[in-house]
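I'd like to ask some things about the structure below.
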Amino acid sequence: ASPVKWHMAHTTWFFETFLLKAVIPDYQPRFPQYNYLFNSYYNTIGERIARDKRGLLSRPSISEVWRYRQEIDARMEDWLANVDEATLAQYAPILVLGLNHEQQHQELILTDLKHAFASNPLRPIYRDREPDQSSTVTPLTWSRFGAGVREIGHHGDAFAFDNEGPRHSVYVQAFELANRPTTNREYLAFVNDGGYDRPEFWLSDGWAARKRLGWTSPLYWERANDEWSTMTLAGMIPLHLDEPVTHVSFYEADAFARWSDARLSTEAEWEIAATDRPIAGNFLESGRYHPAPMSLDEDGLIQMLGDVWEWTMSPYSAYPGYKPAAGALGEYNGKFMCNQMILRGGSCATPLSHIRTTYRNFFGPEARWQFSGIRLARF
Amino acid sequence: ASPVKWHMAHTTWFFETFLLKAVIPDYQPRFPQYNYLFNSYYNTIGERIARDKRGLLSRPSISEVWRYRQEIDARMEDWLANVDEATLAQYAPILVLGLNHEQQHQELILTDLKHAFASNPLRPIYRDREPDQSSTVTPLTWSRFGAGVREIGHHGDAFAFDNEGPRHSVYVQAFELANRPTTNREYLAFVNDGGYDRPEFWLSDGWAARKRLGWTSPLYWERANDEWSTMTLAGMIPLHLDEPVTHVSFYEADAFARWSDARLSTEAEWEIAATDRPIAGNFLESGRYHPAPMSLDEDGLIQMLGDVWEWTMSPYSAYPGYKPAAGALGEYNGKFMCNQMILRGGSCATPLSHIRTTYRNFFGPEARWQFSGIRLARF
Amino acid sequence: ASPVKWHMAHTTWFFETFLLKAVIPDYQPRFPQYNYLFNSYYNTIGERIARDKRGLLSRPSISEVWRYRQEIDARMEDWLANVDEATLAQYAPILVLGLNHEQQHQELILTDLKHAFASNPLRPIYRDREPDQSSTVTPLTWSRFGAGVREIGHHGDAFAFDNEGPRHSVYVQAFELANRPTTNREYLAFVNDGGYDRPEFWLSDGWAARKRLGWTSPLYWERANDEWSTMTLAGMIPLHLDEPVTHVSFYEADAFARWSDARLSTEAEWEIAATDRPIAGNFLESGRYHPAPMSLDEDGLIQMLGDVWEWTMSPYSAYPGYKPAAGALGEYNGKFMCNQMILRGGSCATPLSHIRTTYRNFFGPEARWQFSGIRLARF
Amino acid sequence: ASPVKWHMAHTTWFFETFLLKAVIPDYQPRFPQYNYLFNSYYNTIGERIARDKRGLLSRPSISEVWRYRQEIDARMEDWLANVDEATLAQYAPILVLGLNHEQQHQELILTDLKHAFASNPLRPIYRDREPDQSSTVTPLTWSRFGAGVREIGHHGDAFAFDNEGPRHSVYVQAFELANRPTTNREYLAFVNDGGYDRPEFWLSDGWAARKRLGWTSPLYWERANDEWSTMTLAGMIPLHLDEPVTHVSFYEADAFARWSDARLSTEAEWEIAATDRPIAGNFLESGRYHPAPMSLDEDGLIQMLGDVWEWTMSPYSAYPGYKPAAGALGEYNGKFMCNQMILRGGSCATPLSHIRTTYRNFFGPEARWQFSGIRLARF
């Protein structure tokens, strides 16, 4: 987890590095060393500070980072006010990429902050929230989808990350998808059934992770006097059993699915099921910053978008014909296509305008600090 | 890498544990502690010795392990001589699995031995071999395959591991496959072009592995006075430029492919191309224990089987509808379906009767001690 | 290295924990969790946050820590204004210990800050300083001391740490002590003579540390274009050859001494030589925060006190008859009497009123972030 | 711990390297690579295999090592049969050093073997032994020694390691020494009193080691059904309460002493008390390979020599005026004078002819695999 000020400087660095340096002749950076400090992983751009050292940077201070943002924002506005149409058209993709990049870091700021606050014995509150009123949850049902050749992947002119394309055909077997995410209540039954002590439900690497890291419940769950509570951005609260379970790793999602005599969906299945759904749900804009109890009274799939990122069983791989962009921006997505699992649908910390049904998020199978959850599938 | 005597005891332990204990009432093991020592990873069977501690077992001695094998072999023969047809039919799958399991460990014995000998400054020779006469290599050409729905996976009554099925439909885009594996000469060009120092060709995790582990060439290559040599089971020999490159990790195979403006194949593509080929080539039985220079004068794909396991770009996942067997034998394959990449085709250390075109081998992307090589693909 | 705000809260926590809680009936802490956060190593006081986690505490903020200090200071003043003589006499030792403890952390704040700033690519300046004018250095001479039974250790009523006593007899062989600390010029000759590449000068553990940590010069030295510079609290400056060398580990001091055909002194030799010297020199109060060039024109030993802590060859052990205090304060010194080496004399970051000739400082043999230097001895 | 064959080859390598190569013109080694394999830590002699890799050497085989020993023994005998007096006088110190070096490794072979067998779930027996008959133990009494200047260290012409000299004066305070080593019964009382869970008895580094390594009793102790047993070279046996406790680290010895309201002796105290004692006791030659129950009926100190090495509170440092020999043999002792503690008196695995009252053994404070025990001291 990186400190907030690092995210703030890094997203500004992106505009400076990939836009201002490209478009302004003899560009003079005000803070040349920031290139080293705020590069995240772009080998093409040069050396960078190690990720686990970011938290040790007492300088630049938060106010210096604000000055840096103001400086770069001003230069960007200046450029935008004067640029000609052709140049703008040429650089618009990078501009839009920079905006989407900043949205990704907005989500990371919240999840990193939650992680830091949960590690702090003072358990600070980021933003207070009214406790939920009692709620009910839609019963679990299954939606069936037939076999056949389908198309997935992004098409059209709107922005998408390069890894969402090319659009292509896949063959899917008939499958069924749970109408809603798994709840805390359902996941707690797995916990209470000894799920964390029974290797038969776990992948080999998952069991090793569970042992090594001492997992006995999702991240941020705590038990005292037989009561479960959980850390949220509104502080510690009693565990709400009707909410979607969140902060589980892929390994836990997979073990829960096997215990449930089900499985996770593939990303193709998920996308086929989600296609043409309206982009709506519990996103960043709700200000809740936490998954919501699912009291919807609706047929078919609900909460495919928002609330929690849904782990799929698909490793992150290139779509057929995928080619990363040339140069540093080609490092954005393509070079992570190994040892990562796909998640779909966005979470309560994702900006609404950032998400699409073709959106491919990816994290390592041990990652738990995102708002990651579970939706079951079966044949 | 495990010592030879461990492999020898473990394969015998398999028959004792999964057959004799099941079929003989009140079975009395002669060496009850061996269950702890020679269990590899079956959680269902109980506790086991840690993998990295296997090399420290000075007891049982090699002669005690031979006695154990004789004892269990004798009990097996005794049982086989007296078993009725119906019982035999019931347990035949486990018996055949045990034989295939032992074949897998025969291959591992050779590759573990090679690893131990290569780490030993004395560079011992396992089996001497006449140096190769000069040879030529078939030029690189590409075979084209059309798009469409195809079937892959095992079918029929012959033995196959559970992870090779169910047979199922996949949609493949049109693709091209190199007619032969990559040679040392071709790979050396990548090395000489700075391939190990240019992150733009590498996956992020691959680059991290290359840095952390200090890779600058395939495993077992050494350079002295501008001459390359390589460790083999016949000792150190000059690097033969026409042989298939071997002992590369997935990361190196992937980087080489990107440098070549190509890619690795998917496992579906590989299997479609290999279907109906005769099972022939440079396998364990040749006694060479090393990939052979490819002097074949033949159209189309050559050396798909034998010589080197070919890395694919496919992560190891369950085929649609795959269900592991119940109980301990269900731990054989299914629980490794994460963080592993598929290899196809068998190697010069694989027994001929062990391989199939549907055979799915898998190792982590860093593994280099198998006879693993490269075959390029492209759209 | 801990953040400044941690030191500030910890020294205040000391007064709250060992004084206020003892003297005020039903003492109510305003911030009960601070006991966990700001305990350093007192097992008797309870659980505490791990040392390497201190840097991750984004809360309490620096202003909250100031409030905590003001609160505890006010309560202390209130207590002091009203306490009776007898009680004061009883608690005065703890009060004085708390003041001395805070002085130790004042020194640590400077050395931790230097370490953080040196690790920061921006190389921030803590306090600007005029560059030194050119200077000369007193030539190296040796002072001789005879053999016999001597007394060392603290006596009298003034404050001293418990580990400075009991005063006791020791037998010392005749020895010689260098009149001044080793200079950068002398140490650089060791560097240039390949001192860091010649294991014959190094202790076995020292050589292992040098290899593992990649040492090729004292901490904070940097070489560019054949010019040496060094990080100071006034930023990067050219290496001043006449200054005492500093930021060397015990291992480097010991190797340098062996290369010099000399040795480090024992702590008894050092104390015998230093006895009755006036407590004066380049301490914290000079505001220099850096060792000074030694331009003194004086016979006999100079700069025994101040400038740099001088490594001795004495491991940190209990003096005969030493008994730590009962309870938590007994953890202050006694429990570190293993794997540490004694340093004597104070440094340019030590408050003048804090030092004595009997003062025993101690750090592990790898520690380099204190202002630690070298004074040679021989028989 | 190193394998037996490594010790056997290494002790022979010593004679080849430091004698044969020095005295035979144009010496031709039969196995030049053995210099790399069997060098232990002599930097001056060149590169060497890492200690933790020794166990992985499947070649040379044990019979090849025997051949190596025969070869070098024959060359040594040949040289000794023909050498002239003057040359012999010159090289006799190295010859005697080589013999003493081999004796040290004889002891290490036993303790390394014990460690390997104890780690092996089969718990092999090295040499069977009759169980002890019931016994009584001499009650604990204290012997008093007066204060004053004393001489310690080796003198005279007989062999001693360089670190045992020069003989020199020390001042000792009056002290008392326990008449016999601490027994298992006494140590068990510490265990049962929660000694391993009470940090107030432990040095800071000791407590950290106890936590990190999970110590709850001496090495090789095991508890089942409220009965303690212990691994010996005769296999697992019930813990004999009257035997000297052994396989404790310095940290445990120190914590036990503090719990006992006593301390460990300094090495000077130990040597003063042991001077002029006959060299007799339970050494290697008894064939017991285990400390003996102390049924002696004798006044004054017993079992100072043999049975268990006795931890002292003295860190291993150079005696005043100590100078290591020049060249590689100078690496024998001097370069370990840091982070090690002194043990005195020899153990049941030490050859009788190897020990002296001036003998200084040393190990790190965590080491437990030697036959190390405790004798209390106090003022």
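Note that the chains are named A, B, C and D in the order they appear, and that numbering of residues resets to 1 at the start of each chain.
Please note the rule applied: contacts are C-beta pairs under 8 Å (C-beta built on N, C-alpha and C of every residue); 3 or more make two chains touch, one makes a residue touch a chain.
The structure displayed is predicted, hence computed values, not measured ones.
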item	value
A-B against B-D, pair bridged by the larger set of C-beta contacts	A-B
Distance between chain centroids, defined by C-alpha means - chain B, chain D (Å)	47
Distance from chain B to chain A - Cα centre to Cα centre, in angstrom	36
In chain B, residues with contacts to at least two other chains	none
Touch-based graph of the chains, sorted into line, ring, star, complete or other	ring
Complex contact set, residues of chain C against chain A	3, 33, 36-37, 49, 53, 55-60, 116-117, 119-122, 124
Chain D-touching residues of chain C, taken from the complex the two chains share	41, 43-44, 147, 149, 168-171, 173, 199-200, 202-207, 250-251, 254, 263, 313-315, 317-318, 320-321, 330, 335-339, 341, 365, 379
